[in-house]
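In what comes next, chain A is part of two complexes: it sits with chain B in the first one and with chain C in the second one.
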Partner chain A sequence: MATKQSRSAARIMLAPAVILLLGWMLVPLVMTLWFSFRQYLPLRGGDQGFVGFDNYIRFISSSSFWPSVQTTLIIVGGVLAITVVLGVVLALLLDQPMWGQGIVRILVIAPFFVMPTVSALVWKNMFMDPVNGLFAHVWKFFGATPVEWLSQASMQSIIMIVSWQWLPFATLILLTAVQSLDSEQLEAAEMDGAPFRSRFWYLILPHLARAITIVVLIQTIFLLSIFAEIFVTTGGAFGTRTLSYLIFQRVLESQNIGLGSAGGVYAIILANIVAIFLMRIVGKNLDA
Partner chain B sequence: MARAVTNNRKALNTAIAWAIGLLIFFPILWTILTSFKTEAQAISDPPVFLFFDWTLENYAVVQERSNYARFLWNSIIIAGGSTILGLIIAVPAAWSMAFVPSKRTKDILLWMLSTKMLPAVGVLYPIYLLFIELGLLDTRIGLVVVLMLINLPIIVWMLYTYFKEIPGEILEAARMDGASLKDEILYVLTPMAVPGIASTLLLNFILAWNEAFWTLNLTAAQAAPLTAFIASYSSPEGLFYAKLSAASTMAIAPILIMGWFSQKQLVRGLTFGAVK
Partner chain C sequence: MGRITLDKVAKRFGDVEVIPPLDLTIEDGEFVVFVGPSGCGKSTLLRLIAGLEDVSAGQIRINGNDATMTPPAKRGLAMVFQSYALYPHMSVRKNIAFPLKMAGVDQATQDAKIEAAAKALNLTAYLDRRPGQLSGGQRQRVAIGRAIVREPDAFLFDEPLSNLDAALRVNMRLEISELHNTLKTTMIYVTHDQVEAMTMADKIVVLQAGNIEQVGSPLELYHKPRNAFVAGFIGSPKMNLVPGSTANDSSHTFGIRPEHLDISDSEGLWHGVVGVSEHLGSDTFLRVTVPGMEEHLTVRANGDIPLRHGDKVYLTPQADKVHRFDSKGLRIE
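Right, the complex of A and B next:
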């Protein structure tokens, strides 16, 4: 039983982290809200006073708003689908007995350590370049016309690059979960003649549910705000402008702080919708 | 029964797993190989894989063009500084939540994680203004603070899950023996928590090292880390494959090697202790 004294000590120890995060959350948030109601163009007349909800209306009625929300959701959803499905497959494969398991694991985990700017540059130039990229060479070898990946199949290309970066993470977490699977139970099911498909659906997948939740939660947090991959590859062109990138362009490229801030508020709302949904699931898992 | 096919199965598993592993690793391997080619060989058609004249010239050119050591040093300071600062703040917080939980502990933890969902771009301009106001723009200390704040929720979470696994009875016994709160943390808790703290440190060092939004937007010449170093090669005039590869290899090598050596600790840390 904690004493009164240790309880107040505990509160004091918790305080710095809470105060810092509260400040980190509230100060920029309040400033963003403030700017979002003002006409503020630093390079063209500066702060020109309150304009009510003008920025909000302009941002949401701009023709690029809904496509950017859609793009964001497609990228997040696409990457999640690919990394979870392939992650499960890879985790099951890596759990099998084999030679050089440690080395294979090192190979598979490697992309996670590559910084996003590097992986975007390498994929863009050395693989997806329509003239000198490796894919172009392979396509030519088979007599096909090289694809201009980042303009003709821009979304697929970006989803592929980002999936490559996050697949190791999903695989590793799922592998940890697979390894804790009760092998006797599995063997018993196998003895009883349960085919792999039903063993997978009724034993393996339910066991992995928690790990999949963690993968989805953490990846979503990071994927909602991917920046470098788009900044380096397409610069938001060819239908790859995510909500984050649209706001970035409004704030930095058009130097329209008011409009960008209103967009920021929308992005915060979108993130919160996703967050509430995810927190429910994780909160439930915390109790278990 | 199943034993009879073991070796065949094992060989098949090995072949498939190695093929997939090499496929996933290939972009990195290809980058490293290209960094040792001449520019002409780097774009030769058909591509050369291993049989070319290995050269270190690209590394020399990259080093000459942009002082690699300075970017590397900035990366080390920023990633290391933010991680250590984060640990200093997070260890007491995680300790108090793990050992003196209150009704609100779970809410506080979830709230902390939810601050990570705040889209960086939504608050870019306010932070930018504050940085100008405080004279922090393009300084390492500014980035140390921002990256610390970004990763603080993750640090707290990871430490919390590690501390939760330390049996409270041991702490109580220490308290009975008259250990003060300070002694308790320094001599009882810390030694038991070192593995957890180590993997937290590693993961956050990697996250901070690779962070590419704030480091690109809040630095210019002085405090720019390796993310900015490599971004300077995205401009068309810098588009030389061999040099790009050399720069890329230089940017990722330190963290790749570190990550490989510590992958076991990393995996545990990454799961927030939720997957055993």
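Right, the complex of A and C next:
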């Protein structure tokens, strides 16, 4: 697209797509903003007009607000840490030549194809159930009292479930990055007397920086809004109420659409703060 | 010290024997070139010496000590890779410092060695750049610098010039030879380019399909190729190899270099027609088609020879410059 003519032609051809996407984004956003300023109780009088910033003040001054933000950030941070660290380890292992490589790779990717609701149910009933769960049996086998995972270690359990779902994604992206590392560089470092941990620290990790950045950014977008895993397991109890779960409760359980919409706007603000924060830390890896 | 001995060293990848058992001695301070066509196992042989591949059989001795099972870092060898294998996330300075850092050398000594290497290789101005910001020739020099600072017993080069353009290649060739004269360290140099082999080597090892065809000085190989393969591989343009019968000779294959054919317009052994000729100024290479011969003959003539496409010429091999080979391709004295 070098000439003026080809540039303007490109702009005209792109226009329909851009306008469609813009509308797609703008309509729900504008509707959320609109409702957030109104008193709207579908079962108790319907739309009762503008109330200014009332909804915003009520949402933020609720005792559940700050704990929900904290919960959200802990889950996102925990899952990111686990998936990146284990993802790097798995990617390095899967890169080694081994028997049955193809099958092992498919198995590693498999959890990504399981729907969040299903995987949360499987974890809840098959593994974490304090009576019949696999973990309970293991604990009993060693003579220990089974842990009531979802009530006693609720956050850890949810982080574990969500990490299990996202580990394949991280592994896959990191594996392609590991495979693109020039083997002669590693051999040169080996001849230069670098043991594995130096090769990892000085060559492999810098090479993976960009892939790790992508994993972190993409996962954050999805993790900020996880819902099904919490809905199916704890239902927001035992300190697992995230911001998106709080919004859901306000809209559906309290039937207050105005209040929920105000929460939605806070969620957008939170996502932006996290995004700015992340771009500051890791964004430079995407240049050059 | 850098004396390397290969004793019946062999390498198999699965069922494929890439290097059949071979013996070779590389003396301390020698510049040895492994030369051969692509895929003949030169890199594999070099990597066996470096320790980057395990031998399937045989023994490698460095300075008399068995090094067959020694890990690469402990062999006291430094390697310059074809792709340079510079560390992309480190500056030139850190690249060169890396082997020193891994060896736990103190900072002051590191700095002194880096300065010296950078000065010798004209890299002083680029020490703080990343490899990605350097030209091919500069990267090559960084790779050499990283090898020099280790002060190894021997340097291993795997086709180090093949990614450079022709003019730069001639320059780097001279620089590497110069380096060898200054350091007097053993160097093993792999190339598929016989010109590099001829111009740089003290000793050339000609390889074909993993076999050593001949070992010798450049001029030994030029004057007394042990077999028809070496005869055709060493020398530029290639030696003319024709069936003995076409030269009224009893040998199976009759070889004569382009520079050892006399041209006449009236009489000679062969009578042919000039085809395409290459005028280099100093020399002219003529392709002469002789009736009854499958391949054309190449003749090296004076730069100002007045022959043109389609002219008829007579050619006579200089009797004392003829090479004769038997039906197995071996030289007949």
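Criterion: the second predicted complex is superposed on the first by the 264 of 288 C-alpha atoms of A that agree within 3 Å, B and C clash if a C-alpha of one lies under 4 Å from a C-alpha of the other, contacts with A are read in each partner's own complex, and residues count from 1 in each chain.
The rule is short, and it goes like this: contacts are C-beta pairs under 8 Å (C-beta built on N, C-alpha and C of every residue); 3 or more make two chains touch, one makes a residue touch a chain.
Given the structure is predicted, the values throughout are model-derived calculations rather than measurements.
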Exercise. For A:207, select first, second, both or neither according to whether it touches chain B, chain C, the two together, or no partner.
Key: second
Quiz item: Which of the two, chain B or chain C, is in touch with more residues of chain A?
Solution: B
Exercise. Name the contact category of A:271: first (chain B only), second (chain C only), both, or neither.
Key: first
Self-check item: Partner chain in contact with A:74 - chain B first, chain C second, else both or neither
Solution: neither
Practice problem: Pick one for A:121: touches chain B only (first), chain C only (second), both, or neither. | Solution: first
Exercise. Would you check which partner chain A:192 touches, where first means chain B only, second means chain C only, and both and neither mean what they say?
Key: second
Exercise. Figure out whether A:92 sits in contact with chain B (first) or chain C (second), or with both, or with neither.
Key: neither
Self-check item: First, second, both or neither for A:6, with chain B first and chain C second
Solution: first
Exercise. Answer with first, second, both or neither: which of chain B and chain C does A:184 touch in the superposed model?
Key: second
Quiz item: Which chain A residues lie in the overlap of the chain B contact set and the chain C contact set?
Solution: none
Self-check item: chain C - residues contacting chain A, complex
Solution: 50-52, 71-73, 77-79, 81-83, 85-90, 98-99, 102-103, 146, 150
Practice problem: Report the residues of chain A in contact with chain B in the complex, numbered from low to high. | Solution: 2, 6-7, 9-11, 13-14, 16-18, 20-21, 24-25, 27-29, 31-32, 35, 90, 93-94, 96-101, 103-119, 121-123, 125-127, 132, 134, 137, 140-141, 164, 167-169, 172-173, 175-177, 180, 210-211, 214, 218, 221, 224-225, 227-228, 231-232, 243-245, 247-248, 251-252, 257, 260-261, 263-265, 267-268, 270-272, 274-275, 279, 282-283, 285-286
Quiz item: How about chain B: which of its residues touch chain A in the complex?
Solution: 6, 9-10, 13-14, 16-18, 20-22, 24-25, 27-28, 30-31, 34, 43, 45-47, 89-90, 92-93, 95-97, 99-100, 102, 106, 108-110, 112-127, 129-130, 149, 152-153, 156, 181, 206, 209-210, 212-213, 216-217, 226-227, 230-231, 233-234, 239, 241, 244-245, 248, 251-252, 255-256, 258-260, 263, 266-268, 270-272, 274-276
Quiz item: chain C touches which residues of chain A in the complex?
Solution: 182, 184-185, 187-194, 198, 202-203, 206-207
